[in-house]
Every structure is written in C-alpha cells, then in structure tokens.
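Before any comments, here is the structure.
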Amino acid sequence: MDDLVRRAVENLEKVRARRPLIHNITNFVVMNFTANALLASGASPVMAHAEGEVEEMVNFAGALVLNIGTLTDTWIDSMIKAGQQANKNMTPIILDPVGAGATRMRTAATRRILHETSVKVIRGNSSEILALRDEGSKTKGVDAVHTVDQAKDTAIILAQEIGSTLAITGAIDLVTDGQRTVKIGNGHPLMPSVTGTGCAATAIIGAFNAVDSDPVTATATALAYYGLAGEIAGNRSSGPGSFVPALMDALYSIKLGELERGCKFIEG
Amino acid sequence: MDDLVRRAVENLEKVRARRPLIHNITNFVVMNFTANALLASGASPVMAHAEGEVEEMVNFAGALVLNIGTLTDTWIDSMIKAGQQANKNMTPIILDPVGAGATRMRTAATRRILHETSVKVIRGNSSEILALRDEGSKTKGVDAVHTVDQAKDTAIILAQEIGSTLAITGAIDLVTDGQRTVKIGNGHPLMPSVTGTGCAATAIIGAFNAVDSDPVTATATALAYYGLAGEIAGNRSSGPGSFVPALMDALYSIKLGELERGCKFIEG
Amino acid sequence: MDDLVRRAVENLEKVRARRPLIHNITNFVVMNFTANALLASGASPVMAHAEGEVEEMVNFAGALVLNIGTLTDTWIDSMIKAGQQANKNMTPIILDPVGAGATRMRTAATRRILHETSVKVIRGNSSEILALRDEGSKTKGVDAVHTVDQAKDTAIILAQEIGSTLAITGAIDLVTDGQRTVKIGNGHPLMPSVTGTGCAATAIIGAFNAVDSDPVTATATALAYYGLAGEIAGNRSSGPGSFVPALMDALYSIKLGELERGCKFIEG
C-alpha cells in the first residue's frame, strides 16, 4: 500500500508537470464540468467529436476518454474512429459506459466499442459494469452486487473475460485487472448529488493513465486523489451547489504531502 | 391556501422519498444546471435524446420534460416519439416552449408537440405562452400581457382551449387549468440574471407532477418550493454567480417546516 | 488612453441600458458559462444553431458570435447562413477560431467563414490567430509568437490582409485593425485554468460591438472590463472553482467608477 501512496504522489506530480492532453468524446451534460476538473487537476482537456477531426485530434492526446451519456449513432461512429486511431498510437482508452444496461442502445454501444477497439480501463457503477457481461460470462447468475465484496469476485472474472481494467465506483471504489485488486476508501456522500462526478472521475483516470502505463496503479491513484478532493470539498461546502466550486478548488490546491497523508487504499 | 401549503410539504417529502426519474429532452445550455437542480431537489435526472432509446428510457420515468431551446429537427422527432410513449404510460409531459413566438421553427415545433402528444403542463414566460394561441383563439386580440392580472384572463381561456395546465412565470407566477387559478409570490430578482432558471423550474414541475396527479397543485407547489429556494439563495449571494451554488444548496437543504412557513400562495 | 477609458465606461453603460441580444453559435462546453457571462454583463444571450431558424434569429441580434469549438459540418453551414444574414443587416460578426491550426477541419472551417462572410472581429490566442495566415501571407516565415511585442508586428500585417480587427489574448491582450493597436493589461492568472474564459471574452466583445461601431475601441474596452472582472474575482477566490461564481458576480457588480479606475490600457 505504501507503494501505491508513493505512486499517487508521483502521478499527480507528473500530471501537473506534463499537462497531458486528454481527448474527451463525452456527453453534453458534463462537458463543462469535466473540462474544468481536468484543468484543475493540471491536465489539458479537449472536447472534439466530429468524424472529420477525431483521428487527427487523438494523435496529440495522452489518453482518450469515451463516455456514452446523451449518445446518438453518429457519436458512436466517432468514438470507434478515435478509438482505433488511439490503439494504433498505443494511447490508452478509458470508457465510461453511462447507463449501460438501462437501454438496449447503450448496452449495444458499449459492446461495440469493446469489440472494435481495445479499451484499457472501464469505470462505472456496479450496475453499469454488470451490464458488460455477455451470455457466456461465468458471472451471469449474479443479478445484483450490493457490497463491494460481492462486486470484487464478479469484477475479477469480468476483467479477465473483457481484458480491461475495471473500476467500480461507489462508497468504496474497487479497481481490478483480474489479477491485482485495490480498494479505495476516499470520497464524500455529497458526490452522488452532483451530476457528472462519475464522469469527471473517468476523465481524471484518463489523465493518470496518460502518465502511468500500469492501468491498475494509474486508476487507483486517480480515484484516491479525486476522492480526497471530494472529502476536502465536502468539508468546505454546505450542499451540492457549493460542493462544485469547492471540488475544483481542492483538485487544484491539494499539495503532494496532503495526498500522501490522505490516500485511503484498503487491503484485500 | 392552507391546503396548498400542506400539499407543498407533502409533495417535497414524496419527491425526496421516492426519487422519481425525470426524463429530460432539453437544450444544451441548461442540461447541467437542470440535472443538478433535479438532484438537489431529490429527483433522479436522465438526459437522453436519441430516437433509438427515448421510448425505452421514458418507460422508467415519472415525468417527461420537453424543452425546445437549441432545437433541431431530429430533436423534435425524438420529443414526439418520447411523448407518445409517455402518453401510453400515462406519464405526465411537461413542456417548456423556450422562445416560442421568436422564430417560426420554435412556434411550429411547439404546436406540433401539442398536436401530436397530450401535454399536461406548459411553463413559459408570458410571451412564450401567448405564442401558443392559434388563429381561432378568443384571446387573439390581446397583444401583450403586462401584469399578472392581465395574464390571468388570457391564460384561463388558453388553458381551456389547449387542454393543458399553464404556468406563466415572472415576478408573480400564475398557474391555471382553466378552472382553478393559483398565484405564487415566491422568487428573487436575481433569477432572470441566471440562464436556465426557467428551464430548471420546468424540470422541478416535472418532479412534482411525478408524485402528485393534480397538475394545478403539483405545479403551484413546485413553483413555491423553487421560488423559496431562490429567495434563500438570493439572501446568501452577492450576484448571479454565487446565486447558482446557493440555489442548489437551498433546494437540497430546505426543511419541510421552512417550506410550510415560506410558501406564498396568493388568493384570486 | 483617457479616451479609451471614457469609452469603456460609456460602452458598459450602454450594454447595461440597452441589453443587446447576442446570438451565439458556440460550442457545447461553454454554452452555459457564455450565456451567464453575457447576462451578468447586462446583455441578452440567445443560443440557436438550427439551419431552419438562424437567419430569423440573427435579425433580432445586436451581434453574432461564431465559435468553432466542438464543431461539425452542419454547424459550419448554420454559421455561414447566420453570418450572411448578419452581413445583410450590418450586424457585427465576432469569430472565435477555437483550435484553428490544431486540425485541418478547424483551420478549413475558419477560412470558409472568413471567405463566405465578412467578420468584424476575430479573438483567439496567438497560435489560433497565426493559423489564419494563408500561403501568401507576408508573415508566413514567423513560426511562433512568444511575446506580445512579437505578436504585434505579425498581427498588424494579418489584420490588414484579412480585413478584420484581431484580438490576441494572453497575459497581455492586443487589439489591432492593422492601423491602430491597443494593448490591455487586465486579467488574472487563474483565467486559463477555467474552461471557456476565452470564449466568454469573445461573447462580451460581441456585446460591446453591439453598442460601439468602432471594432478597435469596442473590443479593447470589452477586454479591459472582462479582465478587470477577472482581477476582482481572482482576489476573492481560492482556486479555479470559486473563481467562476466570483467572475460572474464581478461582471454584474463592477461600478462605472471602478471600471474607470481599473482599466489598464498600455501605450504602444
């Protein structure tokens, strides 16, 4: 766990020093919030979704973040195009399957992205992640995941089947590549009362994967940093409205020593 | 009026307890603000506009909110599709005819929605509501509505003609189904200086209609709650910028007793 | 310089009194932020991009603001349509070539807008402005602009070649029509850490051009007002999150005397 804490500090330092360009093809609701969260973290956001420019744009990027909220067909085509170019460049792809499982279109879009591109990390809540299972999954009998420990066994099998690192976020976050598993205890109860807090987590996972080639450590340390900013913001705000500016301020202001002391990685 | 105050408290309590899913097909400018206003009020927002998923998504919803700002043709088609499915499910539709009367496209879109779906509540400012009149309207001679009392007579006739409950918002809000009329005195002068405050009112009207089957009481109590949150926010902010987080905090924090004491329903 | 200070005060007074309608065809990331910045400044924003209504909408406008972030082909067509109608009405067009130079699509879109409409003012950072040069430009040997004084000579030639007033914003802003040149020293280091601060500057330039027919004085005074609001906000905030509401509050609250004392126009 001490290694992870050191890695968290190292990754934040690198993001702030290198300012990696993060290319987002994301939903309309969270574009502004996501861009500001990336800027506050030290990264450089770009939002571009036109089929005519996504391949060119992703060439400049340290990570590609795909988010299927407010999806339409042309956007899926752009995501695939950008994703295939990212794969050629060995640029990590981070997928946020917003609402997978809720409509056939979202489930199908998620599967198409996973089939036609190679996704390094997928972040969602437990029901979105369970929706990624196909008919042949060993976990198909599992209908719901109520605790992070129930999630753990399912997620390990799914990560192996899909071949991506999975991040299931909630009160406790869980990151696994099917071999290694890390739990993260940072976060604040106000976060689910603000739209886009999950989407912004995915984008910051993108920024950390741009500077750390190990998806498990990159993702777990991004979630610890983001969750710690949430804790600081929660303590300084009086509701979900004042939480938003306080979160950005915290992402921007957290000192490396503060992160070192504040990371809550959990064994097992 | 005491009945309405009791109903306001009851409705807010129900929204917070049941967390109804509110399906929004709304404009790009206010998506984030609207989602956060619904979350702060206790409801669960979803934004989805693709023709391929709107019917499936609206099946989960307690209300469908249609908002024609930043409109294009494909969005109107999605609104109609979602609206017809909502009608099948008896799910209330709330319409915000942003800019109706300003361009032919917006006026035509509003009329098409009213013609092809059954809309339960329409919220707009007085000029948007007047734009709903067709050639045969008894109110056609009325060219402008300057006071809430002038608005009242016109709105009553229009509500009967259209067959929807109308909410005209302004310094004093007015709600009528053509039979019963309620005025609401809550609100704050900073609200028109923030984009989307009208659109968010419409969304919260959606949340209240999801838990109260009477559109007049649902709409009037939603406007009292929202306007009271505006008053609290106005007292805690130093301009339209700090008003936004303060409004979300107030929507989230208002206690039932505070709402009971703060509602300003006006006779006549 | 005293003339410019007087003009700044006069322009802000006019914007607040006349509340000009500013028609924006802009990117998804900044729509909400831009609309709120315009409202806080006293102007009336409208966002409308459908080909079916842009010509009608721009007829009501005091300025048309075109911004090519998150661009797709249909949006370019709408911008051209709105722009040609604006030209017929003698309504000033302000262009923000976001990311020009980064992808071929954005560079081509910028050139198409400049070719098919008559643009009064273009605002960008130095690399976006340099990307406007065509093969025949006298400045083509200049590969980068590192200081505002290097920018000055290039910008003067470019403004003459393009026939628009150029505004290059950065730590020091520069405005030139190829004959007259003004530098503005207002602003705050937190501004680049918030998404959309450049786009909102462009929109406020639109509002000032709606009340002042001289593009150099309109643009320079808009940047002084906006930059001063940034300074006030920077002094009242603890990071890029709290900067956002503080900026809106400052735009809304700046008194005319405060602007008179705070403008930093620089000779040469």
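We call the chains A, B and C, going by the order they appear; numbering starts again at 1 in every chain.
Criterion: a contact is a pair of C-beta atoms (placed from the backbone, for glycine too) under 8 Å apart; a residue touches a chain by one contact, two chains touch by 3 or more.
Worth saying up front: this structure is predicted, and the values here are computed from it rather than measured.
Engineer: What angle, rounded to the nearest 5°, describes the rotation that places the Cα atoms of subunit A on subunit B?
Structural biologist: So the copies are related by a turn of 120 degrees.
Engineer: How would the subunit B/subunit C interface be labelled, same or different, where same requires over half of its residue numbers to be shared?
Structural biologist: Counting which numbers both chains contribute, under half are shared, so the two copies meet through different residues.
Engineer: Would you mind pulling out the distance in Å between where the CA atoms of subunit B average out and where those of subunit C do?
Structural biologist: Here subunit B and subunit C have centroids separated by 34 Å.
Engineer: Going by the contact rule already set, what residues in subunit A reach two or more other chains?
Structural biologist: Within subunit A, the residues that touch at least two other chains are 28, 32, 244-245.
Engineer: Can you check the complex and tell me which residues of subunit A touch subunit B?
Structural biologist: 27-30, 32-33, 69-73, 99, 102-106, 193-196, 237-245
Engineer: So in the complex, which bits of subunit C are touching subunit B?
Structural biologist: Residues in contact with subunit B: 28, 31-32, 35-36, 39-40, 45-50, 52-53, 56-57, 60, 244-253.
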